[in-house]
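Several structures are given next for inspection.
Here subunit A shows up in two complexes: once beside subunit B, once beside subunit C.
So, the complex of A and B:
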């Protein structure tokens, strides 16, 4: 019974906060609602008995990525864009809404009508799959190459970020 | 039958992930502010992570969670580079509106 409540509470938190991210005029408020989305999704990971992934989610997203967003928003003048937060153009806006709505409808259709193919899936609650020992065993054997490439990526990213932020002008500099 | 509808199963989690992904998609398509567009991309990545963990849980397969960890690492790197590009754009043009950059003339 507790699980049921947890699922509904956390999914409500994440969806409502995502809507606030979408509709906030002030980008600082968007960033703060994004923290709430991350916490909600992390709670959903907890209900899926994946506590390690949930903690990594909070650490990396709420702790690092969102703080980075917040710093970047704070060094800008956020109020000079006005109340009009969506891009205008009636035809293209209608097209975009139509596309997004069609995509959502397709997703819901697929989820409801493919459920009889996947409905028999019962999680094995006796053997915890997502414990850290199991995850690290897979990560350091099956995905060893991917892990190394990720390390290389994390070396390249700071260098690239520093190089990008030191660019002066470019070909069309004012 | 009613308890099937209420007790969360695979479909419920997939539905939440789909809703989050669609909200992120609308944000990418419709918002003007570049930073909010980057945030919407993070939302979509979160929805995909939720799908991975859900299927990993229901198929009793730990690969879903491992892939999620990789996706989180790549998302952090992507946010860093994206924000560096935004900072550079703002330094050069003093503008955050995506419509300002649509002509791609430098």
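So, the complex of A and C:
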């Protein structure tokens, strides 16, 4: 009963905040609503009895990624560049709707496909307490390749950033 | 919360008491900071009001309450007023999750109840504290953006960049100690640090009787890195670039005064207390008393009294680190911004990575584990 109640509260927080992210004209406010989305999603992980994932969600997304977003958005000239980025041109709006729709369709398809395959997965409360040890065991044995590939992908990002900043100018231009 | 009324009441009292402990430490720390800085700089400091100037705190409190309430006309009202509150929350929440002493039992109405000496308990407590502390940057960003002031915004941007940079070094410097104890729980980590120094090396047990089994003996490099990174995370000198008064007036809190300013201070000292608590827990055995704790347990008898004594032990360690924070602030000059970034990314991050790899190699190839025998 309590779990269902919490689920609805956290889902409401995430969905309403996500709508505010979309409909805020001011990018700074938009990013701040994104923090609320992250906290809501973290709460959802809690109700699924995955406290570690919930905490990492806050640590990585709310604590680092969104702060970086905010950092970048605050450097913008919001009145000028911001308006250009968040423009309402016909063609770009059409593209945005197209991509967003495609992504949403993909997500819905995935959810239905997975549900048909596995059925509803409800966390087993009677199972032994969640342990990080088990999570890491799965990650470093069954999903070793995926884990390493993700690590490689993350390594490519900083290298790409450094390369771009060196070529394109800025304070570190060569 | 608990199954019976008694348990719920004790847990509520614990929560309120630990929060008040954190908040009430702030005036004392302000006094220590002012008198300590005066001592270090060969001045007198506030010594007029009451013995040793101690009642200066009360005068300050009255002053904070009586100050004029104002808001800059170009500020964003919600963010301007939210920032001091947001500054207070992470420190208070994180401090509540750190075990301050040994668990104790109380008897009431013929039943025995177990209590932990902390506001609330998480299995992955270490991750919780790190996650909540990382939200502290929002207070500075709120203040910087909400004030509608260029200096404030510059301070906030510096703060966010600095906190993200040093969070990496902070997290990585902890990996070594997590590998050694193999747990994310504070209680298990403190449990593993009790007794004399003992570990397995090449499959043989080694016991050193005259040293306690504390984390600093396994992770000296990790300790130094974590220690430096906490200074950056609490935004105190030599890492106080967000409020560098020579360049930015007062940085993110330029436009704040009175009680709102005080709340930023409570947040900062709260972060200091969390950092000191973490240093004591990870590297100095938490509430563990290295010698004579068995004797103490027998002499004191009651488990609640023993718990209170151990709390004093823990708090002595925390007070020592708080003094070190103040000491360093008034001794070292501030970094230049590029020096700060170089230190974070080019010195501390590689050393933290090296420490992680070295610890992993020692654990796997030398068949060695710390703590557990």
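One rule holds in what follows: the second predicted complex is superposed on the first by the 122 of 174 C-alpha atoms of A that agree within 3 Å, B and C clash if a C-alpha of one lies under 4 Å from a C-alpha of the other, contacts with A are read in each partner's own complex, and residues count from 1 in each chain.
By definition in this document, a contact is a pair of C-beta atoms (placed from the backbone, for glycine too) under 8 Å apart; a residue touches a chain by one contact, two chains touch by 3 or more.
Just so it is clear, the structure is predicted and the values come from calculations on it, not from any experiment.
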First (subunit B), second (subunit C), both or neither touched by A:41: first
Partner, of subunit C and subunit B, that touches more residues belonging to subunit A: B
Touching partner for A:74 - first (subunit B), second (subunit C), both, neither: second
Partner chain(s) touched by A:63 [first = subunit B, second = subunit C, both, neither]: second
First (subunit B), second (subunit C), both or neither touched by A:2: neither
Which superposed partner A:55 touches (first subunit B, second subunit C, both, neither): second
Which superposed partner A:145 touches (first subunit B, second subunit C, both, neither): neither
Partner chain in contact with A:108 - subunit B first, subunit C second, else both or neither: first
Touching partner for A:159 - first (subunit B), second (subunit C), both, neither: neither
Touching both subunit C and subunit B, counted on subunit A across the two superposed complexes: 52, 56, 64, 68, 75, 129-130
Residues on subunit C engaged by subunit A in the complex (per definition of touch): 122-124, 127-128, 130-132, 134-135, 137-138, 141, 144-145, 153, 156-157, 160-161, 163-164, 167, 182, 184
Complex contact set, residues of subunit B against subunit A: 6-16, 18-27, 29-33, 35-36, 38-40, 42-43, 46, 49-50, 53-54, 56-63, 65-66, 68-70, 72-77, 79-81, 83-88, 90, 92-93, 96-99, 105-106
In the complex, subunit A residues that touch subunit C: 28, 35, 51-52, 55-56, 58-59, 62-64, 67-68, 70-71, 74-75, 129-130, 132-133
Complex contacts: residues of subunit A adjacent to subunit B: 3-4, 7-8, 11, 14-15, 18-19, 21-22, 27, 30-31, 34, 37-38, 41, 44-45, 47-50, 52-53, 56-57, 60-61, 64-65, 68-69, 72-73, 75-76, 81, 84-87, 93, 96-97, 99-100, 103-104, 107-108, 111-112, 115, 118-119, 121-124, 127, 129-130, 134-135, 138-139, 142-143, 146, 150, 153-154, 157-158, 160-161, 164-165, 167, 169-174
